[in-house]
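Two complexes are shown next, each including chain A; its partner changes from chain B in the first to chain C in the second.
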Partner chain A sequence: MAEIRLDKLRKAFGETVVAVNDITITFPTSAVTCLLGPSGCGKTTLMRIIAGLETPTSGEVYFDNERVTTKSPAERNIGMVFQYPVVYKGINVYRNIELPLLEDKLDAAERDRRIKDVAEVLGLQDVLYRNVSGLDNATLQKIAVGRAVARQPKIILFDEPITNVDVNSRVQLKAALKRLSKQHNQTIIYVTHDQTEAMTLADEIALMKDGVIVQRDNPRRLYNYPNDVFGGWFLGNPGMNFVQYEVNGGAELGGPLFRKPVRFENRGGDRTVSVGIRPEYVQIHPQVAPDAAEGKLLRKSIVVGGQYLLAIQLGEHTIKAKVAPEIGEVVGESVWVECPLEAITLFGEDGAKIETELKPA
Partner chain B sequence: MQHIGSRSQRKSVTQKLSWWAQLGHALDRRERTLPSLLLVPVLLFFIIWNIIPTLWMVGLSFYNYSMISGRPARFIGITNFADILVDNSVWLSFSKTLIWVFSTVAIETALGLLLGLLFWGSAKLPGRRLALTMIFAPMMITPVAASIFFRLMYDPTFGVISWVISLLTGQAAPNLLGDRLTAFGAALAVDVWIWTPFMILITLAALGSVPRAELEAAQIDKLSWIKKFRYVILPNGKFILMLGILLRTIDSFKTMDLIFSLTRGGPGNTTELIAIVLYRKAFEAFNLGWASALAVILLLTAIAFTSIYLFILNRKQAEEA
Partner chain C sequence: MTQGRTRLYHLLLWVIALIFFSPILWIALASFKTKDQILATPPLFVFPPTLANYTDFFSRQNVGEYFVNSFLISIVAVLIAILVSFLASYCFSRFQPRGTSFMMFILLSIRMVPAAATVVPIFLMYSAFSWKDSWPALVLFYAMFSIPFSVWILKGFIDGVSRRYDETALVNGGSRLHVMFKVVLPQVRPGLIAAFIFNLIFVWNEFLVNFIIGGKTTTMIPTALMIGVANNLGTDWTFVATLTTLYILPPIIAIFFFQKYLLVGMTFGTVRGEV
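Then we have the complex of A and B:
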């Protein structure tokens, strides 16, 4: 069991590119933490530093209070799965998984047991004695996963492991990863740019942007209460609606979102605030409803799950709403929009969340 | 009216089409002729300097033709070939050549791999670039020049190598090139000196073709050096390595200039490789028919080598696909 602690970690490439910018974070033992962020946010670099494949410009890496910053990947005793499936060519699947085990001085029976175990979880039994050449990408990636897992290292790193796998195998591989992650109480870091992947696999998500970790939280909280405009925008499909209000230090919000004024505590004295609400929390009424603001329907489309995605013009803003089929089917040109106060997050001028409760004035 | 209008419209469309089609065909034809035209100079060169002499040589191998006899060439069928096949000295040279090829290629490949891996593993070592440049220098020197200065270094009276050996053994300086026991080895050493850099280069190219992720995975999986070489480097780099070995094999088989300026095949016939025999017959004995026949046999041998190699390569590739 190993906890991974990063202390003021920084990695710069050349003079201008800072891939990892002063990150201090602890990845807890026996948990799956997803590093989630858009391409180029530094998540892969961060993982490579943890693996020892990249040397940080400054800062330290600790595994369970042991400083490993200058240790080689081999000395760190970790498992890693890369974005492109890496297998050792010219040998069969069994031997591929066995190779790293040979270095760990396990007896033959134990090796065999572990290989058969991971093969079963990953569904590799049928190809176990086949040469790796000629196997498809998904199977190759399963082998790579098996190789990393069978050694039972305390730490396993996954670098976008299912990006290059076809859609059908993804689901299967994801399920297998989930099972494997619960088996040995390992500390797992999983890098991805795919929020669905992160949401389904992670115990905790560390959201990254421009070399810093913006927020670290469990998936549900991260989704519902992002600390930052970025989290609201990046997560969700489509992302959060943002409506800007000029409050000039005041603490009251009105139209176009709210028919009756709403109060909040503007302790920071922000002059503009953004009201954020997820499209699925926006309530739509096909007919006039009390406390709902009238808007104009611009576009309507069906999304996954039969729900409707509506684009609604509200004053000079366009907001998106995701609604149930029953409502989506009957909405006309005029709709009535209601934003439940508990589903709203307020962001200040700097994009950070304002800690306050919204109340009717 | 409407009817006529639509018909004339249709006609103009077909006219337009055929006009475009014609232009297309013209462009097509031009596109095919231009590349062929551009190939002509190189083809001409190839035909004049390669095909014609080779055919000429093949033809000559069936004739009894001596440049100094003054008699016209006389067709004798396969007599030249028959003579060569029963000639013991040819077989002796041929077996020496095989030993030569095998030893040079084996030693150069082993050394090349070793040094290549060392250079590759020391990517951050200061002065690496300079060392690489220096190590490649022998390959750029013509073998004749290299042979001449090696002959000087091997010289028993003032050669540096002989001097060092005499210092180490405490005995009189040996005449390495003049001694039947050492001449072959001494010549071999020169070939190794000249051509090992080539195999280093090939090794570095092969190593360059190994995907980084695979090397990193091997590092993380804690594979030993031997396993890393066996399962990561070799599977990825073997085609380039084998190509290098093939090139060296063909080249080594033809070794002539190096030996000729080192020992002229001597002492006795100790270092008389097959190419030396060929040269002697052609340009010292001027028995061109016989020499051509031997050349044809050597050409066929080289083709056989290459075919076997290509066969193995293709089979392996097919297996992997």
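Then we have the complex of A and C:
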């Protein structure tokens, strides 16, 4: 239907603040792409530029092959939903969804069909003829979503739409969003700072930091193989463990993580490298095990799903491990830690991933 | 508060309200009395009411005209003022042109200038333009007179409407006019009503300017009242009482129906329209 292509897009506020720094990216047709990043990383600004609510300092925005950089929001044929529900007071839910359709000069039957359609998907049938005052936040946000979707634009932009919605309704809204996106094959960009939301909704996630997109990948790959320290740190709860090694251009890693030395290809000649491993991939043995390094248990706590989160001292480093209840219950003061080589990602001095395979020396 | 104290408090409120209401009661009662009854000491509270004053009043020439003038001039002037003020305050609120706060300050200052101070220049201007006793000219003056206060109230209300409303409508394919009149305007309806009622009362009560630059065809009730007070036999109490009673009815009715909006208006736009 419509792909969104950004070309060397840049937006600066004043002299010092660069919200969007030279971004070139294509958001594919009919896919849900989540823009994920911490607050203030420029994701909302990027979205507003795509919507036409901000003018970029430089660079271009294309929808398919049409240049839209200088077009007004109205000319772009998009839909947008904001963090706080925008609902027009004094009229009922039906009229709220209908208002932009009237502007589009659709006939009454078609308007009615579309409104009933979105109301059905969003579960708004029961309140359709109620006045909007007195409805809860989740319902209001559904109305806002309905209004954006009913116009059937080629592109829909969501700016943290469920941040202010209570947990129960969130699940429902998320499901509805998924259904809607499948139904009309729209190109959807979804801004969020919540990784769970991004992981569950997105076909692809674009991870943003300080005005640049650090990585764009499907959720699983992004999680397992971040190509930057930031991705490892930001995703996951808790984030990745990083252990720094001074290698001085060499290519061998030993303690405290590895009992037997491990080799990698240091093509870039980095002096220090960081070994990254997600807490859930760290293997913990309550008893002595071959190939496992001995560590000291500092803390242990129960997390979601009955799993245990352990903080373990290995040499001078503290690493976190998430383990199954059976292991978590029985670990004593001394534990044996094993880091499977296939679960490890190496990062160079600049924080970027080193493309290499780890092998026992 | 205990029940006894609450009662006492309510009693006190009633007494104060009645004290303030007593002149109005006096004039309203007077309109049903004969001249002698009006001037009787001590004042009469029980008397056989007469409608003679009203029949006499309506048999006079021009009285209908005063009412028509008062109604039309104030309503048209305030409607123009509200339209202009809405456009202006939308601009101040959303585009914040350079010097917005200074302009808001100037607008408020205009409101503070006593009417008497402006009468001479206005008289000279209107004479020079030969605008005296002209219906559109008077409407224009009252519109101008009503704009500052309306801008103040409305700007507060529009500031209270999140910009996301504008943006949602723009993205959904609306033009700027659509945003202003279809999206923002309904959200600030309480502000519009408050500004409308307030200014309507200001204009309804205005005497000085109507007296100075008005004339035969544009006489409004306060001027008529002032002219009609004296007849060849002294003060014409029955006329004053009748006209005053009829004159205060419309504001009382308006206030009764729009009390809650007036409260919002009295806070001078500082209590923002909730989003």
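Note that the second predicted complex is superposed on the first by the 361 of 361 C-alpha atoms of A that agree within 3 Å, B and C clash if a C-alpha of one lies under 4 Å from a C-alpha of the other, contacts with A are read in each partner's own complex, and residues count from 1 in each chain.
The rule is simple: contacts are C-beta pairs under 8 Å (C-beta built on N, C-alpha and C of every residue); 3 or more make two chains touch, one makes a residue touch a chain.
Being a predicted model, the structure only gives us computed values, none of them experimental.
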Fit or clash - chain C, chain B, common chain A: clash
Contacts of A:Ala144 with chain B and chain C, given as first, second, both or neither: both
Touching partner for A:Ser72 - first (chain B), second (chain C), both, neither: both
Which superposed partner A:Ser133 touches (first chain B, second chain C, both, neither): first
First, second, both or neither for A:Lys105, with chain B first and chain C second: neither
Clash-bearing segment of chain B relative to chain C, given 2-10, 38-46, 110-118 or 164-172: 110-118
Common interface positions of chain A, toward chain B and toward chain C: 51, 53, 72-74, 77-80, 82, 84, 86, 88-91, 99-100, 103-104, 144, 147, 151
Chain A residues touching chain B - in the complex, by the definition given at the top: 51, 53, 72-74, 77-80, 82-84, 86, 88-91, 99-100, 102-104, 133-134, 144, 147, 151
Footprint of chain A on chain C - complex, ascending: 162, 164-165, 167-175, 178, 182-183, 186-187, 189, 275
Chain B to chain A touching residues, read off their complex: 211, 213-214, 216-224, 227, 231-232, 235-236, 319-321
Residue numbers on chain A that touch chain C, as the complex places them: 51-53, 72-74, 76-82, 84, 86, 88-91, 99-100, 103-104, 144, 147-148, 151, 157
